[in-house]
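Going by the order they are written in, the chains are A, B, C and D; count residues from 1 in each one.
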Amino acid sequence: MSTDLGFWVLQMLNALQLSMLLFLLSVGLTVIFGLMHFVNLAHGSLYAFGAYVAASLSGAFGYWGGFVLAPLAVAALGAVLYFTLIRSMRRAGPMAQVLVTFGLIFVAVDATRLIWGDLPMGSAVPKTFEGQLALLGVQYPIYRLFIIGLGLTVLAALTLVLSRTQIGAMIRAGVDNDQMAACLGINVERMFMSVFVLGCALAGLAGAVAAPVLSVTPDMGLQILIPTLIVIVIGGLGSLKGAVVGSLIFGFVQTFGAVLLPTLNSVLIYALLAAVLVIRPEGLLPAKG
Amino acid sequence: MLETRALTKSFGAIHVTKGVNLKLEKGERRVILGPNGAGKTTLFNQLVGEITPNSGSIYLDGQDITAMRVADRARLGLSRSYQKNTLFDGLTIRENLGLSAAVALGRGQGLWSDPLQSPEVVETVREVAAQVDLAPYLDASVNAVSYGIRRQLEVGIALATRPKVILMDEPTSGVGPEMSKGFHRLLKALPRDLTVLIIEHDMDLAFDVADTITVLNYGEVVFDGLPEAARSSQLLKDIYLGAWEDA
Amino acid sequence: MKTTLKTALAGLAISTAMSSAAFAEDIKVGVLLPYSGVFAALAQDIDDGFTLGLETFGADSGATFQLVREDTEVKPPVGLAKTKKLVLQDEVDVLMGVVSSGVLGAIRDTVDGAKVPLIVANAGNDEATGKDCSPYITRISFSNQQVNRPMGQWMVDQGVKRVFTIAPDYAAGRQMIDAFTTAFTAAGGEVIGQDWPAFQKTQDYGPFLANARASGADAVFVFFAGGEAISFVKQYDSFGMKAAMPLYGSGFLTSSLYVNAQGPAAEGVITALHYVPTLDNPENAALVAAFKAKTGRIPSEYAVQGYDSARALIEAVKSGATDRQTLAAALPKVSFTGPRGELKIDPATNNVIQPIHVYETVAGADGLTQKVLATLPAEADPANGCTMPAAIN
Amino acid sequence: MFRHTPLRLTTLGLMAAGSLIYAIIAGFFGLEILAEIAILAILVIALDLVAGFGGMVSLCHGALMGVGAYAFTVAANEAGMTALPAMVLAIALSAAIAFAIGAVCARSIGIYFIMATLAFGQMGYSFVFQSSLFGGDDGLSGAPRLDLSALGIDLTDSRTFAFYAIALVALAYLVAALTLRSGLGRSLVGLHHNEKRLRALGLTVWRAKATAFAISGAIAGLAGCLAAQHTQYISPGLMSWTVSGEALVVVILGGLGTLVGPILGAILFVVLKHEISSITPYWHAIVGLILIAVVMSRANGVFGFIEARIAARTRTRKPTLKEADADA
């Protein structure tokens, strides 16, 4: 440990970077839940799929090719899932949804093994983002700053869309009360599909962005699932603010836990989740009431 | 038997009950009248502890129960039925009544025997089934019987706890006039030592059952007295019927 | 329930060409590998290496080898059930495989109790040839301490005096690092800090890298394997730490199996392992050529472990072993010069004794390759509480 | 509420007879499979008790099983207890921990309950994984088997052990069935259908939930003891959330809230897994597809499907057990 200010700045940036990566992943999941009351355990698998697509396209199309195409590919997969499974499971209750999407995880892991093999893949950081940047007295990897920036951009864009646009108003109405939304003449079905597909695209984007930082392995979706769930449950299912707060809490607890309480680190986040659920059974910032 | 003193509850700036004073004697049958939104159900919710009042106090049999939890009040002999059916769907009517009786007998956490087959529970189920006319349907699933029967079960479950005080929230809500009348006949046949508080919006039926009448409007008690006095009260007609017509 | 019959039939059988059918022995080999799960790639390499080894050396052994493959799924209870199946139902003469130390720990008592020889082709936990050693368990792969211990002295010799260590918080991680630090401090080095990120739960190594950088160490010594190794090496590079604080580690970090996914980030990382595909000896040249011809891949350390397991089995058969009892007695006595160099089995522990190769990952003509910097002499592990019973036959 | 319909009794009888006969004739590997089925069956009985009847869908039952397995092994190996007291202690500890989890999670419902139990389970998993006392990820070996030599029973023999495992399944079933018949069991079913009403009738809801969870935890602990005695080796993998997820899969596959169905599910699952994994290493995908198909079919698992068919044919009363969260 260090008393050096730069050290703590560095750790702050690390925490922020992890938070933003988790935010990209959890925001789609939480908005889908808020709107459709659908629990998609396979969300992590969509992220893995995005990472694989990005990593395998980076050879032919470069980083930016994967950056653009991976979210699109995952969105397309999301649309297929929506029409085959999700739509008919919407009213089936949380347990049936948990189980169907649990089954999907099994299928997804083996599908990635069949398509891309068992060996991990990697992709490179784009040339423009190689190296480090001097910031607040520390040298920090540019690519990580890019992740932070991207997370903030997506957050800003989603906030704008939700608060300023008509579709945003519809989504908010839908989260508050689906019957009311239907009464207002909103095509609920189409809105659900768009939101689901958008959530998938964001998961794909998170995968594409994570690919150069992490290794791309068949079980990466399963590994990220628990952190993502913790984020949205701490934050409160269904709310954008909750996803932000949850991501920040997770990122900071994980990072500073590793620095300050290394022996307890892996238990810490679960203890925090349990504490939140005991005190606020619906999370810190639930979408409703 | 049941008493409230200056019971007040507000949600934000809106008072749903405002300084409500009620006093029921043992065996009294009181009907609460009032237009929609007068705070009748909110009053019930406070009496049984499902919501907490902002101020004021509640006494059951002389004991201050204001801060007591729902289940603890129930165990002291306070029981209620709901305006919207709150049954154990999927179970049979016998099981619904039996569960209620078993819990009230303190056997809801027992591990060693089936309370539904214990003599006390069987006897209670039989008696309550007779009181609310459910004997022919005992083995039917709740899902399989008509709405009217379910309404009777709603009250039956509350009765099966063998309460000292029973609160009924519009027991005949949504039920046709014929059935409604029959139901009031059943109510009148209840033992005289049971203290009954009923929310009712059908005035004729209310006057038929009530020993005393309380009228709530905008959360305040605007009338408290005998049915005859209520019937002739101009104030009651203005407020109650006026609001009724507005609604 | 027809499971029993079907699984028995499902084991693929291969047989090698026989030169003299006159005294042909039929050796039934139970192969225990995690064909599904996170170590599936390792299982494939070991399996390919093993079958190549049988084809290469089996021809003049006078025996045929029938393989019964079972998937351990990297789950100890599954591995145990499959072991019992192979031992009790298929009645195999010898077991081969086991990637994870957890599975090895789970099956140890069963193997020992049933007196079936087991050739360990990967799992490196020190106990297996330490306090939990068995005359029936012969390890042809490596032990966690064996791979890392020699780096302690070597790094001090290179002028590295102060290190920071990082490894995942699980048994293998601790054993690898502890073996290194013990040797390193004994040689006069100083360990100035240690971090143990949660195993398979850590996505971001940033916090640990910041700790390492703040420590002011001369170098960082780490152990990571598989996907974690890729993430770590890339993140280490992205923080620009390689220049000021060179990265050393256990050789699994930059294994030839994973190094291409790490890309340029792995260049300059110096690690030690019992095998790298660029070792310059005729045995290795033969292996690399044959393995490439068979699979199109470069053999990894896992492939060579499978390959040498086959070689050891065949050497034992050639010495006259034919069944469980004789194979168990013969296996610890084998010694040969293979792609890794000269191998023999330590009679005190039944662990392999082999040279360790220090190598640097460098850019080559097609992708990354390994430049061997030093070959450190073979050294037996301390017995660590292993008391091997006297000869078993 | 839980009833022993003729179909259920028949199915139980057939499964008991089938497994006993199989235990007599099976080969060595068959006996392994039988023990594996028994462990899973006990775990899913525990899970069905709370999830199927009480609507408390738990993702920490794998961890509770792990508590039983670890407590048993540590008590026997480190504290030097003999197998029977170690078993009693392990089951009591599982029950106590389950009681605490149940009490803490009593206010959470639906997906929040699932997530809260997931958190507690993973907490235990992470703790054991890193704890040197519990052998970390390498696990612990050397758990003893119950010594019944006084009765002339030798549990080190695989065949005898299989009979013992079947007996423990019967014990777990009996405990679960008796619990469901008890006042607590009746309340549990009532809670699932209408928690608010039961509270208004005077039930201390958190205590009923926690007690039911404790009994379920005790049964899971028994599964853990059996697992530890079977493999005589335990590892943290036992406690991972995916074990709980798989148990939930088995409950659904068999028929939620039927108690008999999940046992059938355990048999099907283990046999299916071995069949498919002997054909392809990609068996997870096939199990996943089967699971999706079963849940999508809206039938209450295999046994629920059979029950519904027979009910429809004989036109007797409708099965009263609905999908766990039909009212969620």
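By definition in this document, a contact is a pair of C-beta atoms (placed from the backbone, for glycine too) under 8 Å apart; a residue touches a chain by one contact, two chains touch by 3 or more.
Here the structure is a predicted model, which means the values were calculated and not measured.
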Starting at chain B, fewest touch steps before arriving at chain C: 2
Most central chain, Cα average position: D
Most widely separated chain from chain B, with each centre as the mean of CA atoms: C
Rounded Å distance, chain B centre to chain D centre (Cα mean): 42
Interchain centroid distance [CA atoms averaged], chain C/chain D, Å: 37
Averaged-CA centre spacing for the pair chain D and chain A, given as whole angstrom: 33
Mean-CA-position distance for chain B and chain A (Å): 49
Overlap residues in chain C, where contacts from two or more other chains coincide: 40, 169, 198, 201
Multi-partner residues of chain B (at least 2 other chains): none
Residues within chain A bordering two or more other chains: 113, 266
Pairwise chain contacts under the document criterion: A-C, A-D, B-D, C-D
Of chain B, residues touching chain D in the complex: 48, 50, 70-72, 74-75, 79-80, 82, 86-92, 95, 98-100, 102-104, 107-116, 141, 143-144, 157, 161
Contact set on chain D toward chain C in their complex: 22, 26-30, 32-33, 36, 126, 129-130, 136-139, 141-142, 158, 227, 230-235, 237-238, 271, 274-275, 277-279, 281-284
Residues of chain A touching chain D in the complex: 33, 39, 85, 88-89, 92-96, 98-100, 102-107, 109-111, 113-114, 222, 226, 229-230, 233, 237, 263, 266-267, 270-271, 273-274, 277-278, 281-283
Touching residues on chain D, where the partner in the complex is chain A: 51, 57, 104-105, 107-112, 114-116, 118-120, 122-123, 126-127, 129-130, 241-242, 245, 248-249, 252, 256, 282, 284-285, 287-292, 295-296, 298, 323-326, 328
Complex interface listing, chain D residues touching chain B: 1, 179, 181-184, 186-187, 189-190, 193-194, 196-205, 207-208, 211, 317-318, 320-322, 327
